[in-house]
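Two complexes come next, and they have one chain in common, chain A, joined by chain B in the first and chain C in the second.
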Partner chain A sequence: MIMATLVSPTVGAAVKLRRLNRLNRWTVGAVFAALLVFIPIGSVLFLSLGDSGDVWPHLIGTALPEYVGTTLLLLLGVGVSVFLTGVTTAWLVTMCRFPGRRIFEWLLLFPLAIPAYVMAYAYTDLLEYAGPVQSSLRALFGWQSARDYFFPPVRSLGGAIMFMGLVLYPYVYLLARSAFLEQSVSVLEVSRVLGKGPWQTFKTVSFPAARPAIVVGVSLALMETLNDYGTVDFFAVYTLTAGLIDVWLGMGSLAGGAQIASSMLVFVILLIFLERMSRRHQKVYQQASSRFKTLPTYSLKGWPSALAFGLCALPVIAGFVVPVLVLGQLSIVYFDRSWTPEFKSYALNSLTLSAGAALVTLLVALFIAYARRLRGGRVLRVATRAASLGYAVPGAVLAVGILIPFAIFDNALDALMRDWFGVSSGLLLSGTVAAVTFAYVVRFLAVAVGQVESSLEKISPSVDMAARTLGFRAGQTLIRYHLPLIRAGLLTAVMVVFVDCMKELPATLLLRPFNFETLATYVYRFASDEMLGEAALGSLTIVAVGLLPVAFLSRMISRSRQLYPSPSTGDA
Partner chain B sequence: MRSGCRRCRLVALLLVVWLMGLTGSRAVGAQEEVNVYSYRNPQLLEPLFAAFTAQSGIKINSVFISKGMLERLQSEAENSPADLIFTADIGRLTDMKAAGLTQPVDSEAISNNIPAQFRDPQGHWFGLTSRARIIVTAKDRVPVGAVTRYEDLADPKWRGAICTRSGKHPYMTALIASMIAHQGHEESRKWLMGLKRNLARKPQGNDRAQVKAISQGECDIAIINHYYMALMLSDPEQLAWANSVNVIFPNQSDRGTHMNVSGMALTRHAPHRDAAVRLMAFLASDEGQKRYVDDNGEYPVTPGIPWNDLQGSWGSFKQDTISLTAVADQRAAAIRLADEVRYDH
Partner chain C sequence: MDHPDQLRSGAVRSDSQPLLEVRGISCNYELERAVFDLSLTVHRGEQVCLLGPSGCGKTTVLRAIAGFHPILTGGIFINDQQVSAVGAMVPPESRRVGMVFQDHALFPHLTVRQNVAAGLSRLPEGSRGESVGEMLERMGLSHHADRFPHELSGGQQQRVALARALAPRPLLLLMDEPFSSLDQELREHMGQEVSDMLKESGTTCVMVTHDQHDAFALGDKVGVMSEGSIVQWDTPYNLYHQPSNHFVADFIGNGVFLCGEVVSPQEVSTPLGILPSDEPLIWSSQTPLEILLRPDDVVYDPAGPIQARVTSRAFQGAQLLYTLRTLEGIKLLALFPSHANFEIGDDVRVRLDVDHLVVFEHDTPLD
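== the complex of A and B ==
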């Protein structure tokens, strides 16, 4: 459209028309992709139209109030916890200099690699009545039984908030950090010139600019909290997801379960609405000129430095070091019972499946986000949001939502092939790795879209205009100009999705082919029966394999700021 | 469908072939094999499968599924590759039959080895092992003979002394359902309410975790499946837990101890029916049954199979012989009862 005003009016109309077509191709493609991803969610919604008998009157009279109350408290607790931890640590490692900062930059990501339910197992083993902590306390003070002292119960709402907060804060940390890294040096310099200290600069400059990214991070953490079953089940915390599984598998009402899942989506739509509200009237573009200057950082000395160190060390120790030590100790004790020569092939399955799914997810997210940038529009906006809902649906339910349409497609195709050629194609997609990959894309698209969109948003439209003026088409502009600018965001997205796929369990379990194990399904063999000792080695391997790309990509992200190092740094 | 142009058909065919290559979709192979969907832990079944393959040369492909197996079978319909289903609980077996996903098997080799109370009257499912829901009590705190029936657990004198897993877990559900089947709804409600009042803590953890809690003094009495005792006795860290409790087979003076089964069923559209029935017969054979006893400490369903040492030390006991289907029929009522007395909350 910009172009159209630049060319002469006679050819203008034709050019405009052609451009519109080309742009429309992006829109149509993006809407199609979004619809494809929406299929499973749509089929859950469709299932919820079924008859659930008197499940609801029963639930309302008994457990429903508790399900809703517990869910809200859990969301609130986890939300506050991930916000405080994520933003504080991200700002400290990006904007301050203190001993260990460079190591914390990537250490702070490590808890991401630990599946929430594994964290729950490890801490229960450590902190429960029979665990080493309470046993030593009893020995130390001569207490005889639980009645002699108070110790907060691990398997409780408080425990769930604490341990889910510890594994989920990296979402906020990552998004906040890349937002802080992408912030404009010139604005920071202005703030300094005006005599603002670190805290005021954070409040008036850094935080408002990073807010969209932070809100995305928090809402991702909350959606993950909402769909979790493993942790809440283990902690006997009765959320809506726990109620859903109970209605579906206990009372045998899939329709009732789907109805609960659908009403949970209301929570999510609310979250999305809040996120949009927070971004309204807000467009912060970086000035490309000083984009790659080194950020001006604050050098901390004395107790502020020690405090910063402590604040960063705490989540790393509690969220990574402690659970890994517990798992490590158990792995040694139970090594003979859990080691199998097939371990390597399980790890390889996990690795390739997750890497493939992460790449596909990133491409889809990039396509959708860029199409929205080219031509906003309500249709595309709604389609994107709808496609992102998959993250909030409990994995097992989403898997059923994939199972059904895939089988319908396979069976229809099979009937067609028999009819036309007299040969059977059997189940083409059901029970294959393709179905599992699709499930990952559907589940984790929200993570990638959120990250890519918030990165793209920071690029001023003047970049697009300039590129288009130079005659580059939309795709060329994306590849030549946008991608290098949002590299950090893309790497973050692909990394988070990868780690999420490594940990994914319920959909993998239900959709996978015969004789196919990933590390997560192998761990589940034991974890399903609370055999923590036997599950420890596999859990450690998930963490280790998940950490490889975390460490690698984290380096790339830090370096992405130093692409073109400028000699005059604004460093203090 | 005459209208489809030839080129369209060719393209469609090529597309399908390409997709088959891409997704690794298995073409119907000539080799004899059996495909298994299992609710049971693979480490329990794998040694049995290996023994069967060694004997028969039939390959077994298996996938361990927990939530959604019924939906998977249902949606795959007649193209489903699955031949056999394995479950760890009676409820799932009757669910599969009710959903029309199973077919009857009429094989003397199987029915001669599995007594009638452990199989579906029409042959839609077969129990393979049985497990007793026993009571364990702290050796040093509960005198022998103080608890002899499930009903005793509702006695107010045990206030704050009992631990169980979630009231909605299939094992608890089956126990409550058997109460309903025997005593009726009202009596069972009173019992469950009394039991709930006696709980030392909010129901949590699995059966092992309850024994652990007894060994640490958190509670004095728990309800567990019997084979967990054997599993704990063979574990380096859990041996001490198992040694801290006495084992009680409840209700010996009346109806007997509540029993559940793990079992198998042939799917309705099983593509390898004959091979699958051979596997079923193998698992029901004396050899298969003996392996179940030795590897997992479960009770055989076939009479006359020797018990393992631990089972021998407990001696024979009276089993509740109520029909498993009658128990399974009360499952939904049992779950609602657990909700109504707020057992888990």
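== the complex of A and C ==
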């Protein structure tokens, strides 16, 4: 009787001991997803360790040393360039006061919207022999031909370094800026009280403390550099990526491509190592603080002020304004020839493919992040780590890592189907949209997982416990009580992944179905055919879409500055 | 056999029937043993408290009872139903426990009404509204029903959290440092209010806290925890006046320990003189002892035998808490009425007036 009244009619017989497995459904699912994502990375690793056949001697005897040398020079050049630009601008906007500083704070992010290859196309059109700059110079000085004057060649290693530096420095800028902002005000003040000038303070206090963040920024920029195919191909700069795709598509040797891919892994691993090491230091130096304190800024007047303005304006003008103007002008001139039914269908392809991939990425990320929240565990942690390596692996290398296992699977399935049913299943995975989508998920999963995890972290674990004791299962808790709270974070994740997919070139190029074009491959194809005018509208569209997350980041930056100098408690 | 009698004895049995039984559980926290072979029993309608310093494992015990933490030995029973065993457990959503947290853990995107209704989603619409209305009324929240949590004060948020936890009529209410996020004044007030409400509704409750005032305000019984074990399970009065070991004596209330030894079954000798014991001592003569002196055991007496110098003082309203140092260098805590006002450096005379002698055997020989 007593028991009967106490057993709630709503819960009833559910009160049953349930076996505790080390791996519950969430963990198993998340580990499985993580392993799936690790397949391409793992298969390249496996290939690099496996028997190389006779491709190696050939490669080493011919092109490989050149590929490696060029890649090193490119990485070095871009590294120095993004370091100087990023750190200088970040220091100026955080530590100095000069006209326009507030605006530059977010304007300096804008070059991030432009893929390097679009940058290369725009500047080539502007600076090549027949372009407006050289034509004007010739008209002005009366030069007749290229022999009459010197003009640095645009399509060169130097050009590649310059243009990549101009679109990749925001990585360094963003991280250095927040590192400077999070520095202890009192330490900076002490340094000034001790009579150290701005340069001395920078050298002895600000820079050393921000160095880990700066190194993280540089290594991210270098990962992008290693990934680039559009620019180096257009400029005929033979990096490893260019070599890989040349060997694969040009010579039709996937095995050769795989060998180059595995040698690229050395660079990838070094960059990951550099980044992870620095992130560890970053945690020590930067006390995470959500509030922006009033930094002891230097008021600039006269010449120094003009110089600071110029130093900040230059990357914005060269990295954003000029290419957008060039592309805009070209788009207008070539509009009739560009705005075709094909263009619209390619744009639609890009849109659906990127949106689909972004959603899949988000779902996988949400699943993994929530499984980790439910139950940590080393298995899951290692699996997620492995799956998150994709962002560092160049798209071309990923493509190799995807195509080989997919082809093996397709062939095996095809053989099976023929044997059993006498029908051919054909290519089920390789050369389909599924392969491209998979590549996007692998490459951009880390971004999404990071975003989802940081959103979830803001929800107190006691909210989970409250929901569970109120009668909701783990999945119900996620849907009813977490999703409404992390909506904004999820939206950001989808947007960032979506835009990255839109811009992605090498993996798309290598894995897309026959005759399937996206905006990125279409732009690349026209540019390769020296039809820059026709490529302009597509390029401009990519830039416009790319502005989405940049605008979002800018808004966050300008918003965070509004809070200051009266910091509010972060309740909302 | 006579009917009424049988009924009565049945009723008595059900009243004292344990609602929660924790039998010899051990738990790990981040790969280290945090709870050792811990047992406790809570009867229906009882409010108990687990009190201990941070890191003593009290929250882990609470999480194990709620079903968020696996156990490595023993078992947990709610209402005679095993809910945790080694390697198996009833998931938290099926245990019928309510939980209140330090940070309240209100759902920020829901109104007060929706928060309180959260645990009633299986009830039909009509009776759900009724239950919620009743609960809001009882908590004095009716006027705030359509506000969002961030629009409420700390005390109101606390009440919403309690209302939300109680609305589904849980068998057992668990509270994890429920008053820690409130300021001192509100905290005492809320402690009393919550205690009254729980008593009135006959809610069985387990609270964990590191604050003895919270524990004493709410707990019929208090278990003092240290390093993963309950070191004393007793009423608040006994914990203060009859601590069963050094840790409890030190942790609860103020006080200092004097070294001494047994002189006779009724007396101990200390550097400040012989002290009589109200109960016969169980130790043989010359056993080294520690004697607990509460501040109220040290009495201001201008003719007292002990001379001491004031080294610090803290004003506590009606009384002043002094820290004294005797000529022999022994530190004492003493509570004097406010009108006996001394400055730091003053010499005072005191005597010891110990009603009930609290002594422990000294673990290591005295030097």
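In the analysis below, the second predicted complex is superposed on the first by the 302 of 572 C-alpha atoms of A that agree within 3 Å, B and C clash if a C-alpha of one lies under 4 Å from a C-alpha of the other, contacts with A are read in each partner's own complex, and residues count from 1 in each chain.
Basically, a residue touches a chain if its C-beta (ideal position, glycine included) is under 8 Å from a C-beta of that chain, and two chains touch if they have at least 3 such contacts.
Keep in mind that this is a model prediction, so the values were computed, not measured.
S.K.: Which of the two, chain B or chain C, is in touch with more residues of chain A?
M.R.: Between chain B and chain C, B touches the greater number of residues in chain A.
S.K.: Report for A:97: first if it touches chain B alone, second if chain C alone, otherwise both or neither.
M.R.: Neither partner.
S.K.: In the overlay, answer first, second, both or neither for which of chain B and chain C A:485 touches.
M.R.: Only chain C; A:485 stays clear of chain B.
S.K.: Is A:465 touching anything from chain B or chain C once the two structures are fitted on A? First, second, both or neither.
M.R.: Once the two structures are laid over each other on A, A:465 reaches chain C alone.
S.K.: Between chain B and chain C, whom does A:404 touch in the aligned arrangement: first, second, both, or neither?
M.R.: A:404 sits against chain B, while chain C stays out of touch.
S.K.: Output check: A:235 vs chain B and chain C. Expected answer is one of first, second, both, neither. What do you get?
M.R.: first
S.K.: Where on chain A do the contacts with chain B and the contacts with chain C coincide?
M.R.: Touching chain B in the first complex and chain C in the second, no residue of chain A appears in both lists.
S.K.: Considering the complex alone, what residue numbers of chain C touch chain A?
M.R.: Touch residues, chain C against chain A: 14, 63, 66-68, 70, 79-83, 85, 87-99, 101-103, 105-109, 118-119, 121-123, 150, 161, 164-165, 168-171, 174, 176.
S.K.: Which residues, counting only chain A, touch chain C once they are in their complex?
M.R.: On the chain A side, the touching residues are 2-3, 6, 8, 10-11, 14-20, 460, 462-463, 465-473, 481, 484-485, 571-572.
S.K.: Which bits of chain B are touching chain A when the two form their complex?
M.R.: Touch list, chain B to chain A: 1, 4, 9, 12-13, 16, 19-20, 22-28, 35, 41-43, 61-69, 71-72, 75-81, 95, 166, 168, 173, 201-206, 208-209, 212-213, 215-218, 235-237, 331-332, 335-336, 339-340, 342, 344-345.
S.K.: Would you pull the chain A residues touching chain B in the complex into a rising list?
M.R.: 58-59, 62-63, 66, 129-130, 144-146, 153, 155, 235-236, 238, 245-246, 248-252, 254, 333-334, 396, 399-400, 403-404, 406-408, 410-411, 413-414, 416-417, 419-421, 424-434, 506, 509-510, 512-516, 521, 524-525, 528-530, 533
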